[in-house]
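Please go over the structures that come below.
Shared between the two complexes below is subunit A, which pairs with subunit B and subunit C, respectively.
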Partner chain A sequence: MFILITGLLLGGTYALIALGLNLQYGVARIMNLANGEMLVAGGFAAFWLYTAGQVNPIAALLVIAPLAFAANWLIYQVMLVPLVKRAKSRGALEVDSILATFGMSFAFVGIMSWIFGGGYFNYAFLATPVDLFGSSYAQNRVVAFVLAVLIGGALWLWLSFTRAGLNLRAVSVNPRSAPLVGIDVRAASALAFALGGAVTATGGALVSMFFTLDASVGVLFTMKALIIVIMGGVGDIRGTIVAAVLLGIAETAVARLIDPGLTLAAAYLLFLLVLLFRPQGLFGKAQT
Partner chain B sequence: MSAREVRNLLVSAVLLGLCALLPIYGSAYWLTMGTTMAMFAVLATSWALFSGPTHYISLATAAFFGVGTFVTGLWFQSLPFWSLPLIAAVAGAALAALVGLVTLRLSGVYFVIFTLGLAEMVRQVFTWVQNQTGARGMYVLTSLTEREIFWMLLALGTLVYLAGWLIGRSRLGFALRIIGNDETVAKHSGIDTARAKVLLFMVPGAAAAAAGAMLAPRYIYIEPATAFAPLLSFQVVIMALLGGTGRLWGPIAGVIPFTLLWEVITRQAPNQTLLLLGLAFLLIVYVLPGGFVGLWDRARRRWGGR
Partner chain C sequence: MNRRTLFKAVAALTLASGIGMAQAQDVLRLGAAAPQTGPLAGGAAVTHWPAVRLWVSQTNAAGGLQVGDRRMTIELIEYDDQTNPQQAIQAAQRLATQDQVDFMVAPYSTGLNLAAAPIFAQLGYPMVTGTAVTNNQPELAAQFPNMFFVLGRTGVMAEDIANVLVGMRERGEVGSRVALVNVADAFGIEMAGISRGVLESNGFEIVYQTSYPLGTQDLAPVIDGAKSAGAEAFVAWSYPGDTFALTDQAIVQNYAPQAFFTAVATAFPAYGARFGAQIEGVLGMGGVNADDAAFQEFAAAHTALAGQGPDYWASAATYGALQILGQAITGAGTTDRAAVLAYLQDRSHEYQTVLGPVNFNENNDNERYWTVGQWQGGVFRGVAARGRDGAVPVQVFDGWQ
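Our next item is the complex of A and B:
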């Protein structure tokens, strides 16, 4: 029971991070390998606001999310649009965007370790225990989970019931046909990329409440988010959430029962099973 | 063999001879640099053999390399040293085959992601096994000098080149060029695409593991965290792409300048190496998509020549 709930709490935050990546890959078709660095940047911002300005991390989200949105929108327009324009096929865009976002990822790590130094950082926020079902859990984890559920839910509602959300979903299904019904694919992709970045940075701020981060830890989160997106299926929100919770539980179980150093190995085991048996994602249909 | 091939062969032989004599005319410093360059030349050239024609970006180099160093670390006392690179090559090829069988049936993104975390995952498993058995790191103390390591790497590099040349002339190489151009066409022409890719992926796996086995004595102390440092994979990708994967000699054209630049940066501003790596990636994508080889080909086209 303890493992299940801890895993669920962890999985909720993972789901939010992976949703950000899924928006970027599913709609804008950019496999963003600098996603983890955006998360760390969000965490850094929350840490800095909390220690320097005594700003509550939850209130800080109101600053971090719009900033991340603007930053990612700029990144898309300046760095990625040239790649989209010159790409002859989806495969060529994939190779280019993978290399470009690797470059950004390393550049961000370099800049962040320049500004903040190479050390670890964490802060104590709501570090008091709460009791649930007979065991106690850190309050900040529970708060992060609740916020992740609220934000993820809002995102889902927005995607499902608004015109703009419908546009994004149309582009995600078929970027070639979307212009035929009057959708500006470029604008929709930029919006999805920026939104995805904002969601990821928000996830980073939430994660920083209970994880110790450092400038180079981003790639681990990128890795987990990628595994979740593939496991859940590209562009599939429901699959992403289920996959994130599964990963959270699997990691917690391995960390508690075998060895905390094996969390990535646990993620890989899940990844391997998915690749072998359901490469189209948990709920995906077989592709032609 | 045509006259052109004979000429290329002679040029390569002379260059190889010049390299092989480096320990005799070069200083200790240049020997160290030469060994590093030889290592990256092996890694980048074998990387480009697979990733050049298929456009699959492999980040598994560090995992293969680490497996190779561990082979040496575990058995250098009980087995003759010449057998260790061979064992490592077999182990590396086997690991590559496993990874390839799982991922190469699917699209390139899955492959990149899987190899991205592979080194880290293997490191976690090795660390865990070591923790279970109570062992920590290993000392690799041999009588091998830098000069001998350099010569071994040079020999390995020559093998990689020969392998690349032979693959380029073989049915497998032809099949891979078709796959790289259009996988659907390749399938319709009756090529078993997954099999061809897995077979080819075993080449960089074996080469990187053998290089790791040869270089283990240079590190003296081996532990999982240093043996599986993921940075190595990225350096190899940068160097190969900077040089260009279109030709066999392309990666070396990237290895030499990048190793020198890396050396300068690590000495002058050790904290900026990651920034340099990032900028190099961006440079390749936005300015030099074909690497130096692409520049060279364009220059030749513009100013005539053969």
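Our next item is the complex of A and C:
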């Protein structure tokens, strides 16, 4: 039971890390390597609001998410639209966006260490135990998990049952045909990228409740998010959530039952298995 | 602005820059490359950079460094080595050849110091490190006679935490069952190996031993494992992120052994700030004589300059390493690097530092340093040291407050 709950909590954390990237890659076709830095920026914002203004990190989401949405929308319009315009094929856009966002990640690290300094950031919020089935868990992790479920669920419902969501899915499935049915692909992509950024920053704010962050730590989160998105299947929210939870439980089980030194090995083994037997990802559709 | 005033301004500026150049001879250029980004940037921002900048600003405020019959102000040139050994080497090269610095500050952390040691040796720069802990001082000193170690030896530190536990057990304060965990890199593996040997030869039983990958912060399974194994003492050779995470999880799962030790970052002020009174009695790596007037003066100046206090371990050693370099330059009376190196290699010299007096043995090694500290009343105090006075008695860890 301890393994299951700890694994679920970890899976929730992973989902928060990866959901935003899935939107950005799945719809806007931007493989955003600056994803981790956006997450850390969200975490820093929450840290700053909490320490300077005693603002509860959950309440701070009301500020952080819209700000991140606006910032990411601007990034897309200013930095990425030129790439989209000149890209001859989807492959070309992916390569260009990888290079561009890789560069952006360094710029973000520089900006964040300039503003916040290079030191470690953490704070104690809800770092108290909560008892479930005879073991203790950190309240902040439980809260983050609940919010991950809510955010994932809301995104899935929105994508599945609204007109705007349908547009995004159409762009995700076939960006060339979508304009034929009257969808503004560029606007939809910008929306997806901005929404993805907002979700990532939200994840960062939540993760900052229990992770020690510094300006340079983002790349670790990007790596994790990449694995999860590819495992789950590009462009499918459910896939990301299932992959995140699988990874969380697998890592925890290996850590507790075999050896914590093998968690990374377990994660990559799982990743390899998925790549071998379902290269399109758990919920992904085979490319035509 | 009419033409004449413009002329005057230009003339004045030219004159001023001319004066500047005349003074340039009395400027000592000091190069520093250390992490400002990358995995160790967080530690360097606490321990390395503020101490380096503090020494430079204090030396300049005092009128500069006495070199022969001149007083030289210090110009600090900083580079980011990105926590990348290759970059550390390139930065040292660039500082030497392009910026033509007179001296260089040793980099931050054991790994980067070892990476940069060959290039420092090749370029002939003295290398006094305040953040390298290793057990290979004899071999390193033989290979790089320009390299000097202030912070101490890993083997001794791993032994001393074991010695602290042995002492506590003799007083009946801790049982024999120990959980020993480490971060899976060179530092963690070496330290865990040494402390395991000392603990076992003293009749302790290692009931839980494991390692976890670098960068892991999800450590609930590790604490659960130690708790389930009934470990009465918990020893973790950890890095900053995991030091915080292990402590956090131990509090959450209310795992309160009779002794709780975490390694790097336990001595950081941020650790005290994060956990407050809960960590009363937690043991950690390093330590200082927190009651010593010299340290308190250093801490106050550090806080005034950097807006944050020094850590209770390597900050003072980093600052001390620069005091040693400065005193060696003053002692040699020249900025000639070979002469300064010869001064450092003369073992009869003793340096007055914030750590207390320091001298180097035949292995270029300082033999007087702190090994284990403990949070007591909101301050991380040294409880075990080699050759230093002021260690306070170990207190019993009384659970998370």
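Points to keep in mind about this one:
The rule is short, and it goes like this: the second predicted complex is superposed on the first by the 269 of 288 C-alpha atoms of A that agree within 3 Å, B and C clash if a C-alpha of one lies under 4 Å from a C-alpha of the other, contacts with A are read in each partner's own complex, and residues count from 1 in each chain.
Just so it is clear, a contact is a pair of C-beta atoms (placed from the backbone, for glycine too) under 8 Å apart; a residue touches a chain by one contact, two chains touch by 3 or more.
All values reported here derive from a predicted model rather than from experimental measurement.
With both structures placed on the common chain, the touch criterion links A:212 to subunit C but leaves subunit B unconnected. In the superposed pair of complexes, A:110 makes contact with subunit B and with subunit C alike. Of the two partner chains placed by superposition, A:77 touches none, neither subunit B nor subunit C. Once the two complexes are laid over each other on the shared chain, residue contacts for A:264 go to subunit B and to subunit C alike. Of the two partner chains placed by the overlay, only subunit B lies in contact with A:227; subunit C stays clear of it. Taken together, the two complexes place residues 109-110, 113, 118, 216, 220, 259, 261, 263-264 of subunit A in contact with subunit B and also with subunit C. Residue ranges of subunit A in contact with subunit B, taken from their complex: 31, 33, 82-83, 91, 94-96, 98-100, 102-111, 113-114, 118, 216, 219-220, 223, 226-227, 230, 258-259, 261-265, 267-268, 271-272, 275-276, 279. Across the complex, subunit A meets subunit C through its residues 2-3, 6, 10, 13, 109-110, 113, 117-120, 122-124, 127-129, 135-138, 210-212, 214-217, 220, 251-252, 255-256, 259-261, 263-264. Across the complex, subunit B meets subunit A through its residues 55, 57, 102-103, 105-110, 112-114, 116-117, 120-121, 124-125, 127-128, 131, 230, 234, 241, 271-282, 284-286. Residue ranges of subunit C in contact with subunit A, taken from their complex: 35-39, 41-46, 49, 83, 181, 184, 210-213, 215-222, 224-225, 240-241, 244-245, 248-249, 251-254, 265, 268, 270, 274-276, 308.
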